[in-house]
Amino acid sequence: MKIGFIGLGSMGQPMARSLLQAGHELTVYNRTPQVAEPLRQQGATVAQSPAEAAQDVEVLITMLANDTAVEAVLFGANVAAGALNALAKDAIHLSMSTISVSLSKRLAETHATAGQGYLAAPVFGRSEVAAQAALWIVAAGEAENVERCRPLFEAMGQGVFHVGTEAWMANLVKLTGNFMIAAVLETMGEAFALMQKSGVAPEQFLEIVNTALFKSPLYQNYGSLIVQERYEPAGFKLHLGLKDVQLVLSAAESMAVPLPLASLIRDHFLTAIAQGQGEIDWAGLAQVAAENAGLNQKNRKA
Amino acid sequence: MKIGFIGLGSMGQPMARSLLQAGHELTVYNRTPQVAEPLRQQGATVAQSPAEAAQDVEVLITMLANDTAVEAVLFGANVAAGALNALAKDAIHLSMSTISVSLSKRLAETHATAGQGYLAAPVFGRSEVAAQAALWIVAAGEAENVERCRPLFEAMGQGVFHVGTEAWMANLVKLTGNFMIAAVLETMGEAFALMQKSGVAPEQFLEIVNTALFKSPLYQNYGSLIVQERYEPAGFKLHLGLKDVQLVLSAAESMAVPLPLASLIRDHFLTAIAQGQGEIDWAGLAQVAAENAGLNQKNRKA
Amino acid sequence: MKIGFIGLGSMGQPMARSLLQAGHELTVYNRTPQVAEPLRQQGATVAQSPAEAAQDVEVLITMLANDTAVEAVLFGANVAAGALNALAKDAIHLSMSTISVSLSKRLAETHATAGQGYLAAPVFGRSEVAAQAALWIVAAGEAENVERCRPLFEAMGQGVFHVGTEAWMANLVKLTGNFMIAAVLETMGEAFALMQKSGVAPEQFLEIVNTALFKSPLYQNYGSLIVQERYEPAGFKLHLGLKDVQLVLSAAESMAVPLPLASLIRDHFLTAIAQGQGEIDWAGLAQVAAENAGLNQKNRKA
Amino acid sequence: MKIGFIGLGSMGQPMARSLLQAGHELTVYNRTPQVAEPLRQQGATVAQSPAEAAQDVEVLITMLANDTAVEAVLFGANVAAGALNALAKDAIHLSMSTISVSLSKRLAETHATAGQGYLAAPVFGRSEVAAQAALWIVAAGEAENVERCRPLFEAMGQGVFHVGTEAWMANLVKLTGNFMIAAVLETMGEAFALMQKSGVAPEQFLEIVNTALFKSPLYQNYGSLIVQERYEPAGFKLHLGLKDVQLVLSAAESMAVPLPLASLIRDHFLTAIAQGQGEIDWAGLAQVAAENAGLNQKNRKA
């Protein structure tokens, strides 16, 4: 298939490579163009603007950092320069970024008005998972469009879930999944602070609960980061964790769904940021519980 | 070994059987004596009082519902009638019940004064796990006593963790593990309420997050209960969940460790109880989030 | 002074009348024009558009329901039709509505670019207080502009506080004041639920704490509403209470200030709304605590 | 009347003096006897034990720090030495201390069994208010006993409220009043942190909200302490504030009444204590909100 791909960050880069390797024809765009060079060598065409990447493609994929970046490439400084305007009627915008429910709703309307297809298909998995084409993809939008994009999903991931016909549903699922991870971080932060202050070794406690109860690699991985206070380099920055929790709170608010645990987590993320910890890994949320218990964290920034 | 075993409930019964099958000599006691009959047929001696069960044994195991029950069998209506008084010097009281940190501290002092050994060794696993002798055992107390009891742990469980020399540490680990499960219930309650109100099928959401993120049988099992609103018969009653969260809050308070997530869970358990749901499974905590989102629960008691 | 006045709701109407009575020359505008009739009879000129109300005035006052309404009158369907464009250079926009900190910042920039003055001056007091020209006014912006508007403040209020040179500071003070009232409502909701369930008469409890502790007419007034469950007609609707708490949370978030009590209140307002209570008085927040305690509220909508 | 008075702390001392001045005959007892000297000079008899203070009196007043102290004087090291045993049948124990609901229930049973009367009558007001005989007294118990004690209430206070026939109701009212004050402290802590970080002067903010909204001397007094970070000497120590909030949570729990705001306050008190601030005034609760916002408190102990 003829594909445009905008956004070659740590996730977009390996995803685009997977598509090339599966034999698709790619035109790629990134704000800082040197990032595109390896893909050019593997056969991709490099576009000079979002609009150019959107021209004459069947599917335009966007994989960007946040709402602002998505709005910038689609709508451009002026409408004519944006990708939206360049995208053909009947082409599909496949939005794989983690964006807000409200932007996803707005995109659905805008593309519908323009006679274009629109799918939201955010992913679970970090860059090394993307490099193995082993992402889990959560797609929403019209079933027919999901089918048209299936070869692309198969090239990038190990599985795709179709969660509904409204595209924003996929965004909500992704954000809620991230909230559930953050809930694990908060839980561990409190539990480990209690262990540390009581004299039980947190690493042994982690081993016990994951052996006897959770049996979850996610608990193992995040638990180890917290036990070792290894928050740098950040796999996923704390301020991005805050952003996602805010987006889920905001979506839930619009449906009158209170999420008191998400509120609590949001407040603790804010405390971490107020104390200068926004750039560390979001597992560093656990520091807040430790500080509140009067424990000093060895890696804490002054 | 010559063992006394007090408390033949849904956990104690299969644990005692495992000990018999491993060739140990058992004297058992239960408040309602008919429960002891199957064990008698398998070779156990049935005692008429806690004191009788404690007489002439190397190890006295207690596996009871709560602090009150443990105090009743140990201290008796009058001291002479209690098991404590009947237990030989140098014998070990192996307390496997889920009890409070403060009672465990008091038992440690009392047994030390009496020249008796004391271990706390609560377990993770429900009755069917106990029946397979596959419990995980968390032990604390003097290492020498743990070694003396190792054959018993091996008869009842698939593994034992020694978490410290202070017996109460094991009780704290057990309670904190239960807090972590309750945190999963709260998280799911909020996430599923959001899914339900937004139109995403909760069962599909559960499949997605457990496939892509948690990969945890515990998430699968509790998630299924909540998705299906299958809260009866209760595997573990909601009011017992409240009790354990209260015990962890109380222990944490004595060490000046705030646990805001445990406080939130406690408040939601109280709401469930105020609304008549104390006897359902503790997974029913999820109902509170659903109610708060204006959703009606089909199994809700009026 | 020559004044434009946009927004003749329950607050704007008596405020405009106070200005007329103090001898100022008024051109008024309201979306539904019949509301302007009484003011016309008292000497006001009635404008046909926001732009017309802004023409040739020294000060343009806006007193509107929310951000959206303020944006609509200032920026219009097209820019030319909005009040902003019609306002003279050196004239002052005196924004008295309860709006967000972010809109207030945007207005400051926009007016500065246009060479116009801008003050935020939200008020404390309900319509009956406005009718007595006894409002408390919280003003922020350049001191010189505050001085120019002082005769207007004196005509409408019993006092003015100048809280800073950045206009948004006044909006933040107003919103934070409303958060503090909401905190009283939450506190009373919990306290009265406890009294009711324990058998202490809530009205006597209110009398005791207000006599012995608070001695505050605000506690008396809101306390009486809650004790009597008199939530209709609404003095200030619950969904507007939610809006203000959201605005304070949003402003605080941008400064990395966690407000856990505001988060808790927000979640309880959401529950009330999810359960169909958005149109009752915001004192009805207390119903959430009563419901959570298993108490039935007599006025509760099904 | 012939009165025994046990507990001559900062509250008990002036209360006992008021009774002497009203012409009552007093036998006083305090653990550290030198405190009783001024009262002896004013005509009181000084007892050598709690039992001696309880002998031959119509009413025995206790005004002690907490449950433990009350239990110690009533039940003694051995029962014979305690005040309970020495108190005549038909005499009244008038318990004015701030104690738990559960101890108050236990006292009611114990005195009933002994054929003695029992009233709980905790007070609102600090020592300077007690010195002016201007306390507010909250009494509960049988109406007849309240009448018998009325001359004493009139000697010590400016008013008495009879809240119910169950004595513990008065204890609950007192504790809930203290919770409501703590809620003001939490509210101010959050609001002032937001003001400070935004650049609005907290003292001006306090002036505004108390002038325009609350009009409450309590807001004025506590607000000033927080604005000036004047937490020493402590009028009421932070760890005592925690104790009272715990007692109200515990009483509410026994009635299945969740108090999420009280839970939040409890957690913040614990944080303050974990960080070494237990001995400062409870208004120092506000420090937690400031710390969480990344603000440094000038008086903070390292």
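Order of writing sets the labels: A, B, C and D. Residues in every chain begin at 1.
Convention: contacts are C-beta pairs under 8 Å (C-beta built on N, C-alpha and C of every residue); 3 or more make two chains touch, one makes a residue touch a chain.
On a predicted model such as this, the values are computed, not experimentally measured, just so you know.
Most remote from chain C, judged by the distance between CA-atom centroids, is B. If you compare A-C with A-D, the chain pair joined by more contacting C-beta pairs is A-C. Here the spacing of chain A and chain C, counted between their Cα centres, is 38 Å. Centre to centre, using the average C-alpha position, chain A and chain D are separated by 53 Å.
Those residues of chain B in touch with two or more other chains are numbered 256-260, 264, 267, 270-271, 274, 292-294. Those residues of chain B lying in contact with chain D across their complex are 246, 253, 256-260, 263-264, 266-268, 270-271, 273-274. Residues 267, 270-271, 274-276, 292-294 of chain D are the ones touching chain A in the complex. The residues of chain C lying in touch with chain D in their complex are 124-125, 136, 138, 159, 161, 163-164, 166, 169, 172-173, 176-177, 179-181, 183-184, 186-188, 190-191, 193-195, 197-201, 204-205, 207-209, 211-219, 248, 251-252, 255-262, 264, 289, 292-294.
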